[in-house]
Amino acid sequence: MKQTFKRPKALVDIPSHFCPGCHHGIIHRLVAECIDLYGVREKTIGVASVGCSVFLYDYFNADVVEAPHGRAPAVATGVKRARPDNFVFTYQGDGDLAAIGTAEIIHAANRGEQITVIFVNNTVFGMTGGQMAPTTMSGQETTTTPFGRDLKTNGFPIKMSELLTELPGSTFVARAAVNNSKNLMKAKKLLKRAFEVQINGEGFSFVEFLSACPTNWKMTPKQATERVQEEMIPYFPLGVFKGGQE
Amino acid sequence: MKQTFKRPKALVDIPSHFCPGCHHGIIHRLVAECIDLYGVREKTIGVASVGCSVFLYDYFNADVVEAPHGRAPAVATGVKRARPDNFVFTYQGDGDLAAIGTAEIIHAANRGEQITVIFVNNTVFGMTGGQMAPTTMSGQETTTTPFGRDLKTNGFPIKMSELLTELPGSTFVARAAVNNSKNLMKAKKLLKRAFEVQINGEGFSFVEFLSACPTNWKMTPKQATERVQEEMIPYFPLGVFKGGQE
Amino acid sequence: MYFDCIIAGFGGQGVMLMGNILAYAAMAEKKKATYMPVYGVEMRGGTANCTVVVSDGEIGSPIIQRPMTAIVMNLPSLEKFGPRVKKGGLLVVNASLVPEKEVQFKGIKCLMIPSRDLALEVGNERLANMVVLGATVRKSGVVDLKSLKKALYPALDRRYHKMIDVNIKAMERGARFVTEGV
Amino acid sequence: MYFDCIIAGFGGQGVMLMGNILAYAAMAEKKKATYMPVYGVEMRGGTANCTVVVSDGEIGSPIIQRPMTAIVMNLPSLEKFGPRVKKGGLLVVNASLVPEKEVQFKGIKCLMIPSRDLALEVGNERLANMVVLGATVRKSGVVDLKSLKKALYPALDRRYHKMIDVNIKAMERGARFVTEGV
Amino acid sequence: MAEAEFIKGNEAIAMGAIEAGCRFYFGYPITPQNDIPEYMSRHLPDVGGTFIQAESEIASINMLLGASSTGARAMTSSSSPGISLKQEGISYMCGSQIPGVIVNMSRSGPGLGGIDPSQGDYFQATRGGGHGDYRTIVLAPHSVQENYDLTMKAFDLADKYRNPVLILGDALLGQMKEPIRRRKYRKKEFPKDWTMTGAKGREKRLIKSLYLSEGELTDHNWMLNKKYQSMKREIMFETQFMEGAKLVVVAFGSVARILKSTVQMARDRGMKVGLFRPITLFPFPYAALDKISHSIKNFMALELNTGQMLEDLKLSVGHKKNQVDFYGRPPGSIPSPDELFNEIKKIYKKRIG
Amino acid sequence: MAEAEFIKGNEAIAMGAIEAGCRFYFGYPITPQNDIPEYMSRHLPDVGGTFIQAESEIASINMLLGASSTGARAMTSSSSPGISLKQEGISYMCGSQIPGVIVNMSRSGPGLGGIDPSQGDYFQATRGGGHGDYRTIVLAPHSVQENYDLTMKAFDLADKYRNPVLILGDALLGQMKEPIRRRKYRKKEFPKDWTMTGAKGREKRLIKSLYLSEGELTDHNWMLNKKYQSMKREIMFETQFMEGAKLVVVAFGSVARILKSTVQMARDRGMKVGLFRPITLFPFPYAALDKISHSIKNFMALELNTGQMLEDLKLSVGHKKNQVDFYGRPPGSIPSPDELFNEIKKIYKKRIG
Amino acid sequence: MAMIKFRRERCKGCGLCVLACPKNLLMVSSKINRSGYPVAKIDDMKSCTGCALCAEMCPDVVITVFK
Amino acid sequence: MAMIKFRRERCKGCGLCVLACPKNLLMVSSKINRSGYPVAKIDDMKSCTGCALCAEMCPDVVITVFK
């Protein structure tokens, strides 16, 4: 018998701090698999952001530099410009990327920085204990929308993939989910394409992952995973928005 | 004989500091005319930004508060939420709104703040002496793109109206120019609609003005005004992007 | 009168609630109280502890290096806080998760509570924390058991008030374990 | 040897260039020099001035409250800087824009230069600044006229080097006006 | 007297704010102060107030600037890295003389640091971390009750001086629970002849910090400086065990709270140790400490950092004239009363014997 | 010796940077330092370098953080309000021990203020305007030549200490032109065993400022503190006319430059005035001033603000032991040598007679 | 009949009014005002229709129109 | 024939693998590991096809698959 599924080499063999059923763990593994697949581990420089994924640096067997909250695209810009031959990626939550880091992601995309951005949208500020994120859905209860997100006063759940698609500087933009095997397999394909875009020097690549946060959604892992399908995907449609060719 | 054209009351009768042929002066007057037209002078609170229009407060016969560079939409949010019955507008340059203030304008629009944003796009940082702005055109020489804007390294001229149109929170988004009488008359209409949107409580309204900066373009006023037509309008098309009805 | 204690366990064990109830009980007796929580990085399933200080007079520090009393709900907590208990102090151990052989401390009193069994007796195992709290209060005498029961009202969210009776039973069971040894 | 001067006018009059050339001329004579510009808020058409200090030794302050010499190219500049010239100092006035009656200062030397007329004589009116500079240097002796001419090379952008000859003529015309009074 | 309530330090701040008439809150989440925005989001609507979770700390401080410019009572809160981002805005508010209450429940730094209690932001708070010459009143509570009381006071001071007021707490003061007693807040009225309300029936008004004519900004700065000087009348501090003290321990906020146990321990053991706790960090009680230094010669600063308030202590008592010692515990571990006792004992032995 | 070139202060900084091997520049325009990005945008491409005009100061400092983390020599520049916005990033760089050169050609504040020379950012620069305990070396040039020389030095210091280095100038030092002489820069090599280059043939590396286990951050802070203390060996200052001086005037940067004329005037008039000019503001020359205070008793700080370095002077010489006077000229008008002379004369008369 | 008036001291000689006049009636003269700018003028006032396009385009509100 | 292995100490009992298995072979048992989590298990290993969907879904890389 041959081992047909194993831990990717780029993923350090330690327990994770993520809550049970958190999709961050799956997304970490997918990224690590791609690093292995393209053989770029020794060229990779990860940029960790601030959010539940802040310990990225412990989990990836690669060089990692920590960015202040929201600023990973700027840090990655500095890294990539200084080391154009390295593979540079950021990994950012929806608070990080779509709230405080709005300007940085838009301008990094607009400049067409040759970086890969992994964007984990779990409709909530996970690390800080479940406050509203820019992507929080209409009516969703969070600790700062105790009566549910009211579009009139809190604004609309923001669709970052669609927004970045508008910018001529972005090369590849896609949205994926890992809530079931089918979506997960599609997600792998999109992530591969994102990697290839950077490796081929084609430009800025961006994959948004819809992700479950059972803890702050106050759901079981099963309920949370189902919510991705039932509530999130209808509003945040999956697929390639730009640059699917190749 | 009756006087058929005169200085609007909302515009203080002092000389302006703008360079000869600068369109800021025209745009100021159009805004002042609308304030007169809708009789909102005594309810108006202007939010001045940092750029060549920083002295807005001297020119408008209305209450004005100064915002830090790029933050006028946040300041206006605070003002409008505290005084929902007042007419609140910001007046911002392309450096102010599309560079440092990217996050603030996107989120104010996304929240659907009931404010009116006057956005003056002159493809350059005017006040600071002619550096590249996010809207600087491909190949345009500025003091920080001495060899012309290179899309590969400096990114693309950003289309703010199009971007804000994407956000469900924005109610009215339009682009105007004042480079000739025809465009100027259309600009007036768009501006009126923007005022009405706020006055009727319909939401966030935004008018982008293409504007000439003869000084930093190193052109005569005539050449600069012509450039708006020949170079800018083809890339930054005029018209209503959203919310034209009513 | 002065009392301080550290209560520690995993995230889901309700150690923070224990601390809160204890502090409310003290307040009900017109004592001063402080409560200070410490969370790990993990949102769920991580470790957590809190410090409660009760006193007649003004309370200085709300945090304590060497507590008079420690309640440890799992093994890592025993390892961390057991050795810190002051000489002559009291260590209350959740015997359902901590094997007796690990509890080897000199100069302090140790109270082993088979909290899960006792909790199952009165209802369900999630009441283990209340059992331990009842036992601790009976043993230390920091507050009256009556005050502890009363404290459930302000400490629990209104939604859970229907659970107060069974919580009281669990506290009483813990207290009885101390008095009667079973 | 120590010399300082303020040169002031509207934006388009080239006062900054005058300051630069003067400083380069001093450098050509192995003197130390500092140049300090001050701009108004307006980008075009506003007021502007600069201060040039020339010395054999180390230069302390690059800015001067009461200059030994002031060159004023328009009326507002006269009003601002005229009264500040030190006793015994020199005030050079662009007579083409400043009426003689405004120039009423005691204890200083005043030099009125009909700069526009002289500039037109040698080429075009945009050379007025060079005329005034030539005159100032001849009058004050701060540097040699030769050094002033040489300074055009480093001070002017290469694109304008074809204009050097006519600039030199303007300087000479200014200097001649001082020596010959016409 | 009202029934005591057992609440978190962060909640006490939020409650105090609402009772003092705060109707606008703008913030961005950051540990360890999230209970403040969370409380505000739940309770402001009840009183007709507005809660906005802004897109960032920068947006928050500028929304505060905007709301306060209309004369409304408004607040923002954050913790260290978020407060760093607000520095430009704070400088603008000071320059434009706009009131507002800013809470820093500080955490450990530098950088991302950690979420432990820390006093590493003392310099930033007391000397203005932003650009230019400006100061904000800085209130440093050391208990949940004080969180509540000083927050109320902060709103009055902000309006009185038309200047932002900073409340400097930390993770300990935000997370701990204690009983507090509410008190009736009596709102003082302050002139509102500068607020943005629309120029109805009056001259237009202008709020700005840009001053370009010769000398104008110099005057503006001296005027502001005079105002900052005049804040001296607001100085607050607490002393304990000063009679016969031979060593005065100086500390603020959370560590001062811990020291209350320590100093008691010291006195119990016969060591003549007093405690001086500045409550206003700006203005700092220079004169009070100076006066004390006429009779007591030994001082010791204790801080959760590597030595910041220490400088103010030196400036107060003159470290070339009096003995000034220091124990610092930068964040990452919270010192217990016993540990602090040992540090004080060392110094006491050395200086007094 | 090279031919003297007549250039702007800002350009001298840009030139110095490129000669010191700076190959990455990230900035956002702001008066009065725009010549720096403009020079960089024109000249970096010649040497294979990269210029990015970032979307903001915050993006700039974080691009700097990124580029420097790879071991490249990189720089950002701005002026006061922009520097306020960089405070969070600077705190991160210090916490993560990432080098980098940051130029503040400061302007007048607070708020939007104006574009005049100012020294209002002294506290921010020397005490860390961001959160947490951190320090950056602060170099304060007073001439165009020094702009050039100290910028080169800044890159070495940044690499040596793995810490950002701040160059604090102002509008005067940025805008004035003076002849400078270029010098050959000899690049020193520093260990690069911490840089982000990809984990090829080695263990992975990590650059961070987050430290969560008990006590770890405390140790990290003390380690950093030790490093900051060790920077004392870099202290630089200049003195003039100290022989027989009865009053020592202490000033830095642009005002020190102006004072060189003033002190000369004073000496010409027989007043025994000396000038002490700190060149490193952090570390501040405490010991040198202290030593001087053993023989000279009268000091006077002069600053373009309402009194900031004054505190360091007091801490140096002990203001309860020696006489420390102050003249401040907050920005909005530039004092001339004559005006400063009058101020010094007043003090001299009062203290010396 | 129509008439336009210039407020010469405010004119900056930019010539945008010149571009705007559909009847081509305006020009920037060589007269300089106190601020040093050449000022706009109209020679043939009779042909002016009072359409105010010149005034609309003037950034400095130099022109008022009567009709 | 296929086989899966659990690394029980890493399991958090989230049950995502249970959802993922097309053959419905997995369940979260009542056994608790050292970290206090109930762990996933498979009873009917023979029916396992080795499709690895369970492993793909596991956020904690608890499952390895052999075939």
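Quick notes
Letters A, B, C, D, E, F, G and H mark the chains in the order given here, with residues in each chain numbered from 1 onward.
Criterion: contacts are C-beta pairs under 8 Å (C-beta built on N, C-alpha and C of every residue); 3 or more make two chains touch, one makes a residue touch a chain.
In this text the structure is predicted, and so the values were computed from the model without any measurement.
Separation of chain C from chain G in touch steps, taking the shortest path, is 3. Separating the centre of chain B from that of chain H, both taken as means of CA atoms, is a distance of 59 Å. Centres computed as Cα averages put chain A at a distance of 38 Å from chain E.
A straight line joining the Cα centres of chain A and chain H is 25 Å long.
Multi-chain contact residues, meaning those touching two or more other chains, occur in chain C at positions 41, 45. In chain A, 18-20, 54, 66, 68, 99-100, 102-103, 106-107, 111, 127, 129, 134, 153-154, 214 are the positions where the chain touches two or more neighbouring chains simultaneously. Among all residues of chain E, those that touch two or more other chains are 50, 52, 55-56, 58, 81, 88, 92, 96, 111-112, 208-210, 212. Chain pairs that touch, as defined above: A-B, A-C, A-E, A-F, A-H, B-D, B-E, B-F, B-G, C-E, C-H, D-F, D-G, E-F. Against chain F, the residues of chain B that register as touching in their complex are 50, 54, 66, 68-70, 95, 99-100, 102, 125, 127-129, 131-132, 134, 143-147, 153-154. Interface residues of chain G facing chain D in the complex, by the touch rule stated above, are 12, 35-37.
Those residues of chain C that touch chain E in the complex are listed here as 20, 23-24, 27, 32-37, 58-66, 154.
Taken in their complex, chain F has these residues touching chain A: 23-24, 26, 50, 52, 54-56, 58-60, 62-70, 72, 74, 88-89, 92, 96, 196-201, 204-210. Contacts from chain E toward chain A in the complex involve residues 28-31, 34, 37-38, 41-42, 45, 50-53, 55-57, 81, 111-112.
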